[in-house]
Amino acid sequence: MALIKFSGVSKQFERNDETFWATRNINLEVEKGEFLTVIGPSGCGKSTVLNLCAGIMTADEGAIMYDGKPVNKVNTKVGYMTQKDNLLPWRTVMKNVELGLEIQGISRSEREKRCRRYIEMVGLDGFEKHYPQELSGGMRKRVSLAQLLAYNPETLLLDEPFGALDAQLRLIMQDKLLEIWKETKKTIIFVTHDLDEAVSLGDRVAVFSKRPGTIKMIEKINIPRPRDVYNIRLSPDFSKAHTTLWSALKDEFELEVSI
Amino acid sequence: MALIKFSGVSKQFERNDETFWATRNINLEVEKGEFLTVIGPSGCGKSTVLNLCAGIMTADEGAIMYDGKPVNKVNTKVGYMTQKDNLLPWRTVMKNVELGLEIQGISRSEREKRCRRYIEMVGLDGFEKHYPQELSGGMRKRVSLAQLLAYNPETLLLDEPFGALDAQLRLIMQDKLLEIWKETKKTIIFVTHDLDEAVSLGDRVAVFSKRPGTIKMIEKINIPRPRDVYNIRLSPDFSKAHTTLWSALKDEFELEVSI
Amino acid sequence: MSSEAIIIEQSKKKALSKRKMRKRKEFIKLSIIRLFIIVFTLFIWHFLSGRVIDKFWISSPTDVMQAIYKWTVSGELFYHLSITVQETLLGFVFGALAGGIVGFLLGRWTYGAKIFEPFIMSLYSLPKIALAPLFILWFGIGIDMKIILAAVTVFFLVFINTYAGVRNVDKDMLENIRIMGASERQITFKVVLPSALTWIMVGLRTSIPYALIGAVVGEITASNRGVGYLIQYSAGQYDTGGTFAALIILMLFSIALNFIVTGLIEKRFLRWKTDQSN
Amino acid sequence: MSSEAIIIEQSKKKALSKRKMRKRKEFIKLSIIRLFIIVFTLFIWHFLSGRVIDKFWISSPTDVMQAIYKWTVSGELFYHLSITVQETLLGFVFGALAGGIVGFLLGRWTYGAKIFEPFIMSLYSLPKIALAPLFILWFGIGIDMKIILAAVTVFFLVFINTYAGVRNVDKDMLENIRIMGASERQITFKVVLPSALTWIMVGLRTSIPYALIGAVVGEITASNRGVGYLIQYSAGQYDTGGTFAALIILMLFSIALNFIVTGLIEKRFLRWKTDQSN
Amino acid sequence: EKSSNEAGKKGKAEKITIAQSSSSLLFTPIYVAQEKGFFKEEGLDVEVTIAGGSTNVLSAVVGGGAEVGATGLSVVMDVNSKGQDVQAFASLINQYASNVVIRKDVAQKLSVTEDSSIDEKIKALKGLSIGITQPGGGSDRLVRHLLKTQNLNPDKDATIVPLGKAEAILPAFTNNQIQAFVFSSPTSEQAITSDEGILLLNLSKGEIKELDGFTHSTLLTKKDFIKKNPETIQKMTNAIAKAEKFISENKEEAKEVVRKSFDKLDKVTFDAAFENNFEAFARTPVITKSGYEMNVKFEGVNAPFEKVVNNEFAEKSNQ
């Protein structure tokens, strides 16, 4: 049975006296341990889907099941790295990363040890005592990521986690994420706007259509694991998947250009 | 004479009783009408350089000249699209885009006309009456861009303007930006973390080294104008420039990987 | 219209009317609960008075109703209330304006704030009763004195909140509009004020009751009209029913005023926020 | 250490001492300006009194100094002030705690807020003087009554601000920590309180002077000790010098209290903010 | 009579505000003059404002908020000695119109009744908490004086508690925070009506010899105002004189008239209060030298009689 299951999910927002569909009729199953990447045009409802899955929004139609149970309140099984970072401005980097562990009641020394590891992983050692306001955009995103990984939730929802990073750092992060995924067998839904990233990381790639967004196609990526994110672009499997997906995206694109 | 000139500029921040260098010894000249792209690792001081140029931070060493005059207060000659969007949450999309024109005292009808054009350009028609909080991450960035372009400042400082957009929309935006640039002969400093983008847009590309960031090299891009951003990757000039720059970046990258 | 579009249209309407229904239903439920609390309180009061606590001290609901009824019929209620209302409103407007403006200026002028804040705060801590003789000396015993008393009270509360609000304006937003070449005036009206509005609102909410208290205390101190006079007059004759009736009138007026001021501002200016919370 | 590193080291130290020097210099400058204002005010006061306005009404700086000196020497000042201080502090602590807790709970419990808010706001608008008889009846004329009076005054002010602060907590931050599986307790202490702190601070700042006013009004109403008694006594003797002396003592105490409370909280909890503003 | 006719012809009444320090029977002549239309007859349109406390009355008169004030003579003396140019020009009450009330249970325990001797009554105050109005004020002095007559030390043998206004005295008395208090009518009568206290001493009836004939409440105004508006003051004094004459000659009707200003007060309380104070109401507005001297002695303030008191108008009004 799928760990996460969307059946006919739609979400609408109200504006003044009009309603407005953000996503329509989403059908999606994510297996336990799967790495699903999601790609689609801006404003098509990718973040909305993650919000629904985390239980911080409720669907207007359809049902979302997590581990067999309907998601009707905040879903604490998942860890969610939102598109906008939600760092607490009154906590230093270290304290922010520790947050999830504090909640789990982990002892201080254990917390520090674990957090230091993840802070190092995201390349922020030396910044432990800085406040979020004293960091650059990319650094803030990395703190968010470290926070999420440190408290080790069963499922990860990642909304453009590497969007603000330079190409190189992005590759490193991808690599490390895959490593962690392999070790811990987490389930991951990963939203990105970079097709390369989507293809090189995902077991499957879900392509969203334009607003009101729905899933246009789901493509299985047959590149064998473990993958070398640094050189994956050279593999023929990559090119094949890339081409298929690109043509799917292109349709949306053509629509866009014609505007 | 260069429009913008950094000579030996350094910026430090204070933390408790320690000081901390964000950028060191920046020397840079940007000619009037030039399109300069800036690339470099996360946290190296790219945004800091733009802040200095906009006059919202002051340098601790060195001098910044704009149009022959030292920048020692807010520089109203430039338009600045910051990394984090600064939309006013109590204004609708339309009203946000109008902001700069309101300040210039443009009449309402003229304002609406111009703004509608830019809102359309960034693909947000239909969202004029939405509040920023009701938009997706990518949409918010696009509103910021429309706001900036609508009020038509002489120089544009763009901090990862297309970072939150999907690949397709990003190309469209790049194309439109180049078009506007060609028409209006603006000076542009464009920060990005995407080397492709840096190469396909810039007259020159400035590469930053790791923190404390300084300019490692500035490479002239000899791809003829007008450029076709959709297919530029296929041009040999592109590959050449890309390779040179990539190797420069790679050094930084190696350092990073070794961590 | 395609059939899908029709379905969307319909579901739109359905959602709409559903929402309206829900809102109306919730409002009714809320009113019932509130009413119940009021009735319950009256009942307890009725039960206590005369049985547990001497009526002399807490009067009783019926006596209070009677007093209110009598005042209403005789026209006294309208007369006295209208005077208090006038004083309160004028005091509120002047005090809020002054407090808002000073709070605003000092909020923008950091150095001035550092200099003057302690002085303002120390004036704030003077009990106005102790200054009553000076107030009377300078402003007489007429309506002016009460307006000024109300205004002074309001001033400080609005000042502190406005000041805090202005100090809490997002620096990046300010810089953003400054780069656009905004004048101080434009910065004020386009960024600082809207952003400080939530704070100013709290200042206003805090000070509405104090405007009323200021006016009434003024009336109690020196008056022959106004609700404060009714309180004073009733208290002087140990007519607790009258005192309580006057107090309840004050409460009702204050609720109304609070409702109007916050309602107006929220509807008009904080729409983007209320929209959000739905 | 490389020579470049040494230079960096040195420039670090230079920057540091520069910054400290700057801070100290600014502080001295500020103190001088404030002192100047005080002296100037005293001078104006001195000049006005007796010449423009009768000394009977505004006393004079020398008379006030004399009164303070006399009270200090006789030990009265310490005795009365210590009582007022005690009442104010206790009233402040109880009132602020109660207001904070209620404001906090209603801030989290939206429905409860909708039900109870109008009731709380209407109680808030009752002038405490009018309720003095009930206060005395229930709480006597001792120190309790004054503490309660101070606490009630503080309660509402802290309530409104805490409530607003809790309502303004960033929704995304709340959801973020909720997804992490935080309990209500954890949400409270890790997100809501720190985030509402700027608001609570304003509530505290607003209410410190009112705690003092509450206690003093209580003392003026019924007491034979405390600074309020000094005011009442001096006023009864038409000793304006004494009245003003007592008021100035109140002002000084309120400044000190304000300084301590806000200083403490800001240093301890709002450090991330103050760090920013530098 | 002439002046009133003139005013009547002109049809324009002069507006005068009286700032009165509390609503109490201490100001009965004002109530009567107002209710019976004596002010109007004189061509005055009088508005009475209660300005809580004598300091406020004084502020109002000096600051110009009110033309005339109504409060104790001792206040006028006191502020005169402190350089305020105000004068008292009409007496309203010619007794120290305060009562001492003691809790019934305490009285019973000490077996003091209304018929006990004055000395016994005063001795009963030993060890009690006694409510007064203002520290250093008249009621404070009275209590201290009374205790001293029985060789009691006011600072050790009793606790004197300032309670400002009537609104504070009664609740404190009810919940036994104070066992006795000194206050004017009708507060004292209210405590008796509610069956909690008994009247220990009634000073309005001149029970204390040293205070018999004490000039208590008076009308006052600025000297300046008198100089500029002697006619107005004359009219005012005339009206008060008429009222005082009316009270002494028509006791029952006067009672009914005053009752209108205390319509919410319990009837028993009011009647007792009126009765208790009747003897104290001034018969003429003239401020007697002896009543003044008692103030000097008792309140411990001194200022020349001629400076504080202006009997010119009161004397004319008698003719």
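Residue numbering begins at 1 within each chain, and the chains themselves are lettered A, B, C, D and E in the order written.
Throughout what follows, contacts are C-beta pairs under 8 Å (C-beta built on N, C-alpha and C of every residue); 3 or more make two chains touch, one makes a residue touch a chain.
Bear in mind the structure is a predicted one, so any value in this text is a computation, not a measurement.
**Q** Give me the set of chains touching chain A intersected with the set touching chain C.
**A** Chains that touch both chain A and chain C, as defined above, are B, D.
**Q** Counting C-beta pairs in contact, which two chains come out on top?
**A** Here the largest contact count links C-D.
**Q** Please identify which chain has its centre, taken as the mean of its CA atoms, farthest from the centre of chain A.
**A** E
**Q** Compared with chain B, which chain's mean CA position is the farthest off?
**A** Comparing chain centres, E lies farthest from chain B.
**Q** Centre to centre, by mean C-alpha position, how many angstrom separate chain D and chain E?
**A** Distance between chain centres, rounded to whole Å: 41 Å.
**Q** Where the centres are mean C-alpha positions, what is the separation of chain B from chain E, in Å?
**A** Inter-chain centre distance comes to 84 Å.
**Q** Between chain C and chain D, what distance separates the C-alpha centroids? Give it in angstrom.
**A** Centre separation, chain C to chain D: 21 Å.
**Q** What are the residue numbers in chain C that touch two or more other chains?
**A** 57, 133-134, 137, 220, 235, 276
**Q** Residues touching two or more other chains, restricted to chain A: which are they?
**A** In chain A, residues 84 touch at least two other chains, as defined above.
**Q** Where in chain E do residues touch two or more other chains at once?
**A** 55, 59, 62, 167, 170-171, 174
**Q** For chain E, which residues count as touching chain C in their complex?
**A** Answer in residue numbers: 17, 19, 22-24, 47-52, 55-56, 58-60, 62-66, 166-167, 170-171, 174, 186, 190, 194, 262-266, 269.
**Q** What residues on chain B touch chain C, complex-wise?
**A** 54-56, 74-76, 78-80, 82, 84, 86, 88-91, 99-100, 102-104, 131, 133, 151, 153
**Q** What does chain C use to touch chain E in their complex?
**A** 54, 56-57, 132-142, 145, 220-224, 229, 232-239, 242
**Q** Give the list of chain C residues in touch with chain B in this complex.
**A** These residues of chain C touch chain B: 170, 172-173, 175-183, 186, 190-191, 194-195, 197, 269-273, 275-276.
**Q** Which bits of chain B are touching chain A when the two form their complex?
**A** Within the complex, chain B contacts chain A at residues 13, 15-16, 39-43, 45-47, 83-84, 120, 123, 125, 129-130, 134-139, 142, 159-160, 163-170, 172, 193-195, 249-250, 252-253, 256-257, 259.
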